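Scrolling down, you'll hit the structures one after another.
One chain, subunit A, links the two complexes that follow: it is found with subunit B in the first and with subunit C in the second.
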Partner chain A sequence: MSILSSVKRHIDAISTGLKYLFASSRMTVRYPEYSITLRDNYRGMIRYYKDKCISCSLCARICPADAIKMYRKAGEKKMYPGINYQRCIFCGFCVSICPADALEHTPVHDIAWESLEEMIFPPEEFGREWVSPALEEGARRVKAVFDEKRGLTHVPE
Partner chain B sequence: MMVLEIIEYIIRLILSPPIFAPIIYPGLVTVLVILLSIIWVERKIAAKVQLRYGPLYVSKPIGGALQMLADATRFFFQEIIVPRDADSIAFLIAPAASLVLPLLPIVFVPAAPSFVAISVEYSLPLVLAISALTPIVIIVMAWAANNKFTIIGGIREAFMVIAYELSLFISALAMAIFYGTLNLEDIVSMQKSLPGVILNPLAAITFFVAMVMATSRLPFDIVEGEQEIVAGPFTEYTGILYGLVMGAGYVQLYILCLVFVELFLSGWYPYIGLLGEIYPALGGVSLFIKAYLLMVFIVFLRSVYGRYRLDQAISIGWKSLLPLSLASVFLSLGLLAAGVVI
Partner chain C sequence: MEQSSLTFRYKELERAWDGEKVYEVFIGPQHPASGHMRFIVRLDGDIIVNVEPDIGYVHRTMEKLAETKEYIKSIPLFERATIIDSNNITLGYVRALEKLLGIEVPPRARYLRTLLSEINRIASHLYGLGLAGIFINHSTMFMWGFGDREIWLQLAEELTGARLTHTYSIPGGVRSDLPQDFKDRALKAIRYMERRLKDYMKIFFNNPVTVARYKDIGILKKEDAKRLGIVGPNLRASGVRYDARLVEDYGAYREIDFEVPVREEGDALSRLLLRIDEIKISMDIIRQVLEKIPDGPILAEKYLRLIPPKLRKTMEETGRVKFPGLFASLRPPPGEATARVEMGHGEVFYHIISDGSPKPYRVRIVTPSFRNLLLLRYLPVGHRFMDFPAIYGSVDYFPPEADR
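Now for the complex of A and B:
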């Protein structure tokens, strides 16, 4: 009996594998050609608006990874935050705590740098707008849909 | 006139079975094509089952089929590092031997009726005996690298050998007992109407599982054991030496698949006479197709099974495979006693 049941389980395993081999759609997308549009509240790269900032330095204090640091220019009294993406864990605490809405997440995550120094952004550069390099090179946008039959798939927008 | 004669002589030399069989088909060139294609097929199948794309960006229009060629080229240009504490002669010779030894039996494996490089009466035990030499090289490799992971891998290989080898030989000999010959060519010619797998399914199952164990395919890739011991005996190898040892397993898989098809799946039948008239080896192309499909099935198992532990694999070998192979011998004897004649 145990032999028969183990034979049945082997056949089950192989037939499941065959089912996935022939009758399944892929979950992944070919990234540089297709780019998945992320939802609006995605915790991607952080953007800073200097004109809204009140220099309260709450963001630097709440940051659990010590990624945000306050910078002071020579001769100026106020301090402004800068970020070090070597340390940032994209937890979003700084965005949540900011009383003036001067920080926000962007739905861009596919950024890479060539050196560690480039990952440090003082206040002037912290405010830059982020663009996905894949989209910049003309990737087609797709969005994830969950289909009862096919599972997770991606359809063009 | 002289030049034409020389060219004709060279062509006749290349087309003569003792040269053509080991060099072109089913020998070296075919093995190279298989190495380049089967690893790609394996990765593509695993990717499809896991809902991914797999290798694609090398040669996109044909689905990344040249990925292995690119990898092999990369292997050639990589630095070969010999560890300071390694036994350098054994360390360098073992990978070459590990590719040559599994390839050697090809001279005794017939590819079509009376198309074989060296025709011997005892080709079945000879092929199995030569392919059983590979574990020795792997153990030498493990010892030469002088590293704890390679030693563990080498000891695992030694344990695995005793688990599968007996069953592999006994189940193959069960077919030899039934057909009354040890010559692969005669065994195939007796399966013209009825393949051996129908007559003796026990031997076929045992040989198949032992073959998967012998070639370290999943679920028995205990020797390499990526998740635990890096790459087992192959841990210290870099560059083309790693390429050689990685290819060795697939070469052995190919040879044993050819033997499996000749023992159980009626070899080169259905024989295609039309192609056979052009060149005798082409007529036996169904042997190659069957062996390739069998290889594809075996590499497909990678995406189905998890790995067995060493003790589980050994107990499968001794407690299940050995009794099954002995039962297959008795099944063969029973068939003979019952007067089943092919």
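Now for the complex of A and C:
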């Protein structure tokens, strides 16, 4: 590499760095104040509809992480699924195999628990509706937008 | 007592290296740049005389675990070998399984698999290039590589519903159809990346500071690359035109017009530049896939027939595939099948043996990182110690993949 081209390349590198110093393209979002709206097909927390369930136990059989277990109440004949979020890997096989559409993904994933026991949901609680805690506390919704100049940006909805 | 064992160790070393004084430097497993592995580097002054890669820190007995699971449950398992390239690594398994089951994949599903494979390849290369940058303390490259990777993860999330663990390819097809606005968004991402790659060249690949660290370092000759059984970009940077996408008929690659990039130099710089070339080619493949993708089902007819009509209707409405109940216990006939797939790191090879039960008798995985590991033993020898991170970065070695 000649000295001249070396100098040019040094200048190129430095000027590119300076360009991004002034026109930065931040892709991240300040989370608790802003919350990215996930698309409908996002594989988030799973919601169970007991009234649709036919107790076929396919969800428990296909679960690769053994997160879903069938529960039977004393005196009842039928078994219903419950989930253990300690084990769930959100592959969505249970939702895909359910022949009665009794399971569905919700576009919510920012849930945290204080203890491991709270992560186990028997059939009665498996059906609960999931709400993002950030949105509950008034986070502003933003959505991902592709931009030819800035790459990925998030704009208010 | 302790002193005598130290003396013994020293004498042993002295014998081993012809009486030369040799330092032993341990890199890892805790050092952030070493990944989940350890290198025992022996130095004569500042010159590397021997490197012993010590692997296995993230071994998760995947092959053995697969024997205890029904066939379909191993897809999310193998995904975790190379989480940054999860469609490519599971595609080999799914293809071998399809061969056992005797299933044809519909054309649209083949195109969708190719689409996600190429998105994964770009993300994987950006990850590798970013890490190569931080290995020589160029944190801008690290931030840029990881930042721009986010664009491809976003596209993958919109297609599959998950950022990394897509679990997208299943026996007989794929799990979800193309979202309506996907083409438009993907083309914007490609145009951004093309513009951005020019800045990558300026700030990193043409920057005299980094070129000095990479040029003529860790040269892998063509003959050595063939003899050591190296795969992937590391092989192609040494002048060998070999790619599983060319030799195996899978995905939509036979119907797509693309060139596999090859470079002749074989040094660390050419290995990195080859990945940039591949990102460009991958973006071109994505463009062609989005253009040429045929209409039709995304799951094999054999399985579609087993799904109740009511669910088939919801499938059409939502674009998401429902599994037939049979998937919980797939029983391929007794036999063997193999499949190769080109990942971002190189070629992955699967060998499944079935005994007719719902669980495989044996699954063998040969991952590209395991085959490329040999490079870390041979390439650094004779170089200065400061060249070691540069060589390690250029090889794009991924420990969890090699350890399985």
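Keep in mind that, in the parts below, the second predicted complex is superposed on the first by the 142 of 157 C-alpha atoms of A that agree within 3 Å, B and C clash if a C-alpha of one lies under 4 Å from a C-alpha of the other, contacts with A are read in each partner's own complex, and residues count from 1 in each chain.
The working rule: contacts are C-beta pairs under 8 Å (C-beta built on N, C-alpha and C of every residue); 3 or more make two chains touch, one makes a residue touch a chain.
Fair warning: this is a prediction, and the values are worked out from it, not measured in the lab.
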I'd like to know which partner A:125 touches here: subunit B for first, subunit C for second, both or neither.
neither
Quick check on the superposed pair: does A:16 touch subunit B, subunit C, both, or neither? Answer first, second, both or neither. both
For this session: With the two complexes superposed on chain A, say which partner A:137 touches: subunit B (first), subunit C (second), both, or neither.
Result: neither
The answer to whether subunit B or subunit C touches more of subunit A is C
Exercise. A:24 contacts which: subunit B (first), subunit C (second), both, neither?
Worked result: first
Subunit A contact set shared between subunit B and subunit C covers 13, 16-17, 20, 25, 27, 151
In their shared complex, subunit A is touched by residues of subunit B numbered 45, 48-53, 56, 300-301, 303-305
Per the touch rule, the subunit A residues reaching subunit B in their complex are 13-14, 16-18, 20-21, 24-28, 30, 151
As the complex stands, subunit A meets subunit C at residues 1, 6, 9-10, 12-13, 15-17, 19-20, 25, 27, 39, 41-43, 56, 58, 61-62, 64-65, 89-93, 96-99, 101, 105, 144, 146-152
The subunit C residues in contact with subunit A across the complex are 69-70, 72-77, 140, 147-148, 150-151, 154, 157-158, 160-162, 165, 167, 175-176, 179, 185, 188-189, 191-192, 195-196, 199, 202-204, 206-209, 211, 308, 311, 314, 318-323, 325, 327-329
